[in-house]
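First the structure, then my questions, so here it is.
To keep things simple, chains are lettered A, B, C, D and E as they appear, and every chain counts its residues starting from 1.
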Amino acid sequence: MGILEVKNVGKRFGGLQALGDVNLSVKENTVHAIIGPNGAGKSTLLNCLVGKLIPDTGSVMFDGQSVLGRAPYEINQMGISRVFQTPEIFGDLTVMENMLIPCFAKRDGAFELNAIGSVSGQKDVLEKAEAMLVDMNMADKRHMHAAAMSRGDKRRLEIGMCLSQEPRLLLLDEPTAGMARADTNNTIDLLKQIKEERDITIAIIEHDMHVVFSLADRITVLAQGTPLVEDDPQNIKGNPKVREAYLGESA
Amino acid sequence: MFGLDKKDTTLLIIVACLALFAPFILNPFPTGSAMAQFNAGYPDLMQRFVIFGIFAIGFNILFGLTGYLSFGHAAFLGVGSYSAVWMFKLVGMNVIPAIVLSVIVAGLFAVVIGFVSLRRSGIYFSILTLAFAQMSFNLAYSVLTPITNGETGLQLTLDDPRVLGVSQTADGSIPVTSLFGLEMRSTYEMVVGPWAFQFNVGYYLCALIMLVSFYLAVRIFRSPFGMMLRAVKSNQQRMNYTGLNTRPYTLAAFVISGMYAGLAGGLMASMDPLAGAERMQWTASGEVVLMTILGGAGTLIGPVVGAGFIKYFENIFSKINDTVLHQWFAFMPDGVEDFMVFVVHPFIGKGWHLTLGILFMLVVIFLPGGLVEGGQKVKNWIKGRGKSEDSKSGKTEPAE
Amino acid sequence: MDAILLQILNGLDKGSAYALIALGLTLIFGTLGVVNFAHGALFMIGAFCAVTVQRILNLSFETIDETKTDFLGNPAKVKTAYVESWFGPETGAAIIDWSVPLAILFAIPVMLFIGYVMERGLIKHFYKRPHADQILVTFGLAIVLQEVVKYFYGANPIPTGAPDVFKGSFDFGVMLGFDPNAIIYPYWRLVYFAFSALIIGGVFAFLQFTTFGMVVRAGMADRETVGLLGINIDRRFTIMFGVAAAVAGLAGVMYAPINSPNYHMGMDFLVLSFVVVVVGGMGSLPGAVLAGFLLGVLESFASMNEVKSIIPGIDQIIIYVVAIIILLTRPRGLMGRKGVMED
Amino acid sequence: YTNEPTGGTVTLGFNVPQTGPYADEGADELRAYELAVEHLNGGGDGGMMNTFSSKALQGNGILGKKVEFVTGDTQTKSDAARASAKSMIEKDGAVMITGGSSSGVAIAVQGLCQEAGVIFMAGLTHSNDTTGKDKKANGFRHFFNGYMSGAALAPVLKNLYGTDRNAYHLTADYTWGWTQEESIAAATEALGWNTVNKVRTPLAATDFSSYIAPVLNSGADVLVLNHYGGNMVNSLTNAVQFGLREKIVNGKQFEIVVPLYSRLMAKGAGENVKGIHGSTNWHWSLQDDASKAFVKSFGTKYGFPPSQAAHTVYCQTLLYADAAERAGTFNPCGIVEALEGYEFDGLGNGKTLYRAEDHQCFKDVLVVRGKENPTSEFDLLEVVEVTPASQVTYAPDHPMFAGGALGTCNSGA
Amino acid sequence: MNVKPDFSKNANQATTAPAFLSVWDLHAYYGESYIVQGISFNVHEGEILALLGRNGAGKTSTLRSIARLGDPQVKHGEIWLDHQPLHNMASHEAATVGLGLVPEDRRIIPGLTVEENLQLAQIAPPIGWSIERLYDLFPRLGERRKQEGITLSGGEQQMLAIARALARDIKVLLLDEPYEGLAPVIVDEIEKTLIHIKEQGMTTVIVEQNAVRALELADRAVILDTGGIVFDGAAAEVLENEELRAEYLAI
């Protein structure tokens, strides 16, 4: 039994069957990559996991509990964090504040009316956020407005924000897209390190095969809304179906 | 001090000094001089400054932090006033229970309206709040007359039942509001040479409450809750996917600001025991929106400045008439005098709206971010001329 | 039965006024995303175009008539309009009589010009500014426009009649087989209804059958990208603003005979028109028109004594009650588009 | 006592609507106030000071003190009006406040003046409540009221339209409207008229079509519009648009009545007022010496005749000054004593009494009609009947005025 | 601190092959922050130039400056395209004289369908490829022509953005990270498209984090670092120069 069990999930948009009949099982403490052509339904699948979309059919179980019908914040509180394909951060807030918010959410839950205590008085949260900034190599940008950062930086910030929640399942939708090579490598290292240090399961969508093959323990290839194959990385590379549908000749 | 950092403490102390010495500061011109028209240091207006200051501070907690623009906040002020006057009519003339009740009732009202309205965001939210407030206003003006006394407004009468006190005083008049016997209207007048300064009990009570409200607002701004509210404004989607439920946050902000409005309403009734339906009209809601934007939404002190600005115009400029103008320009030759009066005439007295409208436009065009940010820019500019340009970093910090 | 029919008719007519005003507003507010608190003022200026034309046509020279006296007992001055002396009393009087329809010709260029100046001189700088700033600046402008009108025309309503041929009312009841007088309707209101339909249709056609609407919608969503595609979006916004101002103005001109114009009539309609636009749904022209008619008809029904006796005061709040119900059941009003002014 | 004048001047506070729908009326009131001050200080031609039956005023100010004044804007809102009145009392040291263009505002300011210990001379306020349930010892009204409108109109309506009529009331949905509706209905029912329906219209209404449209079908043959200001202009315009006046119902010509008329508002309704009856406090075409003197004085200064609002507030100012002279003090209690039960003549409405019980004045009331062939832009109304004071007088405990208490005068000491 | 660009070399080249797009001493600011710090480079007709550098180096800012978008504000410098002074133009004017930019984040216009997004590009003359021809190039778009543009998958959006640029008759195509988020097969396809349009004479500037692919495609490369040019030369040279690659591209 995996920590995440997706059974027979289907989702239609008007005339388009975006997800056909998806079955997926992600084992605890592994990195599971989902790859596939553009428009295969990878992001849609993720949306079904975090409560952004409700699938038409099927079930999604996380750690033995169904996530369907729960609000996004409840799902997050169950331990699922997500990084979006286009960065979703608090543009008007500083980088430090961006990092503080998930730390508060982790400590205090979905709602906490601490209207009198000052932020600067919350030492534990501050330290944690600070440590995360250092980890993400962004400590020098602490006071910058998040909106003014370059896009690669925004994405790293978002990853940092999700990590600081110490999720049990981290969903990454193309985390290194648009990231410079150096930072991509850093991110790979970071994710590897996290995987070793913490009890964390990662599901990652990526088009950068370098990233996929450096990290993944298991790969599912999705095409036109249905899983094409699921296998170990070395087998995927050689699979002719995958080559044709996705990798192309240059891989 | 008080759990605030240095900058905020300084700000609080400045505000406290301004409030404490307002009778002096607002009365810079000797009584009887031509410029005395511009004096604002009399009890009623000073009370209004701080009461509307409270109203705007509260509004800013909702609007400035979460970005939810309520167009019906006057309803809470009105409800607060009605509760307070009923308290005076039925219970007693002490202001404390009246104020407490007005805050509670406004808070309950805000829970209901907020719960419904916050199901929508953006302009849809604004129109929902507007609709609730207009309903309250229209009903208060007509159908609810037994409770609100309609057009005339709820006033004290000689035969109010008042359980803790008398219906009328020995000399047959209506008793006045007081704080444990300290009459709100009692005023000490200090005459210094040609100046006359008025120290009014009611004003100082209001000022004190305003300071407490302001202090609380500063605390809220700097608290984790305040940061969450700013996060709501910035990106609700991210909030949700970070495990935070935005609804209770926005509702809490809504109720807090509704209670501030109720407090303002209760104070208004305590200073002058009358509650009229117009207090709930959309124009009144619009006024607090304008105060907040004019001063600087999302800044701490801005709303208070904006409130003072608008109330000053309403009360001072509307009272200048041609006779006063002639006095001002009396030193000029007759022709020039008449010409000056002719030129200035459209902007004062019955034209005070025109002046206000023009100033709104000028402020928002030339001082984006409101008066406070404009003031900061001027300060920076003056500073910047002393030093050389050293603000190269793209770092911008939220203004006070 | 006839009472209900009567109120439907009434509501449709009321609704046509709401729809027309809301149409102008939704072009600016729902489409350009500018919260235009000066819209009511534009409507008011339209009505005052009618007043002005009437005044111009009534420009007179004075002669002293020794046989009459004025209120102080001095010889009275008698006024004769220039038009009457130029075209002869009869033609002259006829021209004056038709001053409201003539005002349409006058109002179109005036309103286009006002819209142009307003957009280029002011609104242009506010597209990217927060809505709050837009509210403040347009509210300031509305006050200024109002006060200027008040300065020249006073605060009292100014009677501005429709041409004589449109006076009186039409008896629908007889036509439909009811008693005479059961359902009557003033001619001018019928004209107003037809005129609204015409303008609404015209604006729809303009936006539907040209790419203009699409470009403006795109420009509102993302000005920068539209610019990258070689489109001068500023110019189109200006045109849009001019059209909206003209629509508001024409609504005002035609409204003048229904209720005597006064300087604050715009503010009276402002809240209502915002409610109509939002209930219709942001960014939707058909939505605004539909909401206008819907609220008009419901308001008429609520004013019936039979209804009021069940729910006292319902006519005072019906619009707001309906607005709340619609906004709670349909997240974006009747036909609103996603993402327009939702944050 | 509050604001006792100590120097060589005395300050009066003129609190009128300078913005909002009644701004023109307020402006006319201000003109009259300025004229009154001029006359009190010995300037101009003296106006009605020459015809006033009391000769206490010398033209040397009041009690030898030069009269000065401050002005403020009520915005026709109770809150704003009270703020403005307070600033006059607290900042400018006014001993008397006067003005107003609506009953709500008048009652609110009257209450304030009572508490603050200054005199309030109400301007234009027509609600029964001002001197009914909301009466105050420090307040006086020189205007007539809803009851008096009904009492004055009824006999005229009887002569014109007979005793067998069915009336339909449209009423502004707030206190003033209700009291007027009650008064008129009572007066017409006493004639034998039948009241078919009483419909309340929202204050904010601008278009009355949905209220007018059902009138014809209700069997009514008279429409009574209990509206004032902009409401009146619009409802009357709408009614005429619907062609009501051309209709024959129950075999009779359909008629419209506007119980409270004012010339300024009649102007707003334009041609629609022609032939429509109503009542008014005063009109410039009155031919008594006092009215003529006032019209001459006002007309010479401003170039057009005064409105009833202007007349009312001019009288108020003179009456206050006169009372102070007679009492020999500005002390509000002295003034109240001097005005209570005071009877005078020569201010344009014939013999007038300020009744002690409720501080309401009793004087002749005019019934007017919209003029068919106006000779000038001011000549809109013609006086049909001057109803003598005796006919409009009622007992102080009349049920329409019941409740509330005058209380005692407050000098603020 | 920024290395002065090797101008003489460009100038020499310019005498042999006149620059088609020429950027000279460009300085641009976001409000107070000084981002593009004096950049000069030339692009010749028909060539592909790769503009590379780390996250936050100023690549996007440079492209935006060239496209005359309001932010960042160009305070000094000249930009010439085919003898037309772009620096005096607004963005829509620059577009009408032949500049096409595919912005980062794709900037698909919300509320418009795929087809409307394309139609929008063909309102102002000059008009380029016909919509049908674009559908031939990107069949996925043809299938989704009535779908709202922003609901496309990330890759499909990228295709739409490129198609939209080609729908106009442009002289120079600026691409800001065109491969981001695309499946390897699609990257191959787009690369082919770029070669195809290059053959037809299109001049292209490409900003890309996938530096190797960009360099393989490009004729020349310019490397940016903190707002200044650190390298300007043949693409092949970068691929050979270990030091350069390691220091600025981390490859």
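In this text, contacts are C-beta pairs under 8 Å (C-beta built on N, C-alpha and C of every residue); 3 or more make two chains touch, one makes a residue touch a chain.
Labels paired with UniProt names: A, E = ABC transporter ATP-binding protein; B, C = Branched-chain amino acid ABC transporter permease.
Since we're looking at a predicted model, the values are computed, not measured.
Asks: Which chains make contact with subunit A and with subunit D at once?
Replies: B
Asks: Could you find the chain whose CA centre sits the greatest distance from that of subunit B?
Replies: The most distant chain relative to subunit B turns out to be E.
Asks: Average the CA atoms of each chain to get its centre, and name the chain whose centre is farthest from that of subunit C.
Replies: Most distant chain from subunit C: A.
Asks: How many angstrom between the C-alpha centroids of subunit D and subunit B?
Replies: Centre separation, subunit B to subunit D: 35 Å.
Asks: State, to the nearest whole Å, the distance from the C-alpha centre of subunit D to the C-alpha centre of subunit E.
Replies: Each chain's C-alpha centroid was found; their separation is 77 Å.
Asks: What whole-Å value do you get for the distance between subunit C and subunit E if each is reduced to the mean of its CA atoms?
Replies: Measuring from centre to centre gives 48 Å for this pair.
Asks: Measure off the straight-line distance from the CA centroid of subunit B to the CA centroid of subunit C, and report it in whole Å.
Replies: Taking the average C-alpha coordinate of subunit B and of subunit C, the gap between them is 34 Å.
Asks: For subunit D, what residues touch not just one other chain but two or more?
Replies: Where subunit D meets two or more other chains at a single residue, that happens at 23, 27, 173, 200, 202-204.
Asks: Hunt down the residues of subunit A that sit against at least two other chains at once, touch-wise.
Replies: In subunit A, the residues touching two or more other chains are 148.
Asks: Hey, what residues on subunit E touch two or more of the other chains?
Replies: Only 30, 33 qualify.
Asks: Of all residues in subunit E, which touch subunit A in the complex?
Replies: 30, 33, 53-56, 60, 104-105, 140, 144, 147, 151-156, 158-159, 177, 180-188, 209, 211, 249-251
Asks: Which part of subunit C faces subunit B closely enough to touch in the complex?
Replies: Subunit C residues touching subunit B: 35, 122, 125, 129-133, 135-137, 139-144, 146-148, 151, 271, 274-275, 278-279, 282, 312-313, 316-317, 319-321, 323-324, 327-328, 331-333, 341-343.
Asks: If we count contacts the way the header does, which residues on subunit A are in touch with subunit B in the complex?
Replies: Of all residues in subunit A, those touching subunit B are 50, 71-73, 76-77, 81-82, 84, 88-93, 97, 100-102, 104-106, 108-122, 143-145, 148, 161, 165.
Asks: Which subunit A residues qualify as touching subunit E in the complex?
Replies: Within the complex, subunit A contacts subunit E at residues 13, 16, 35-43, 85-86, 148-153, 174, 177-185, 207, 209, 245-251.
Asks: Which of the residues in subunit B end up touching subunit C in this complex?
Replies: The touching residues are 63, 67, 69, 116, 119-124, 126-128, 130-132, 134-135, 138-139, 141-143, 236, 282, 286, 289-290, 292-294, 297, 346, 351, 353-354, 356-361, 363-365, 368.
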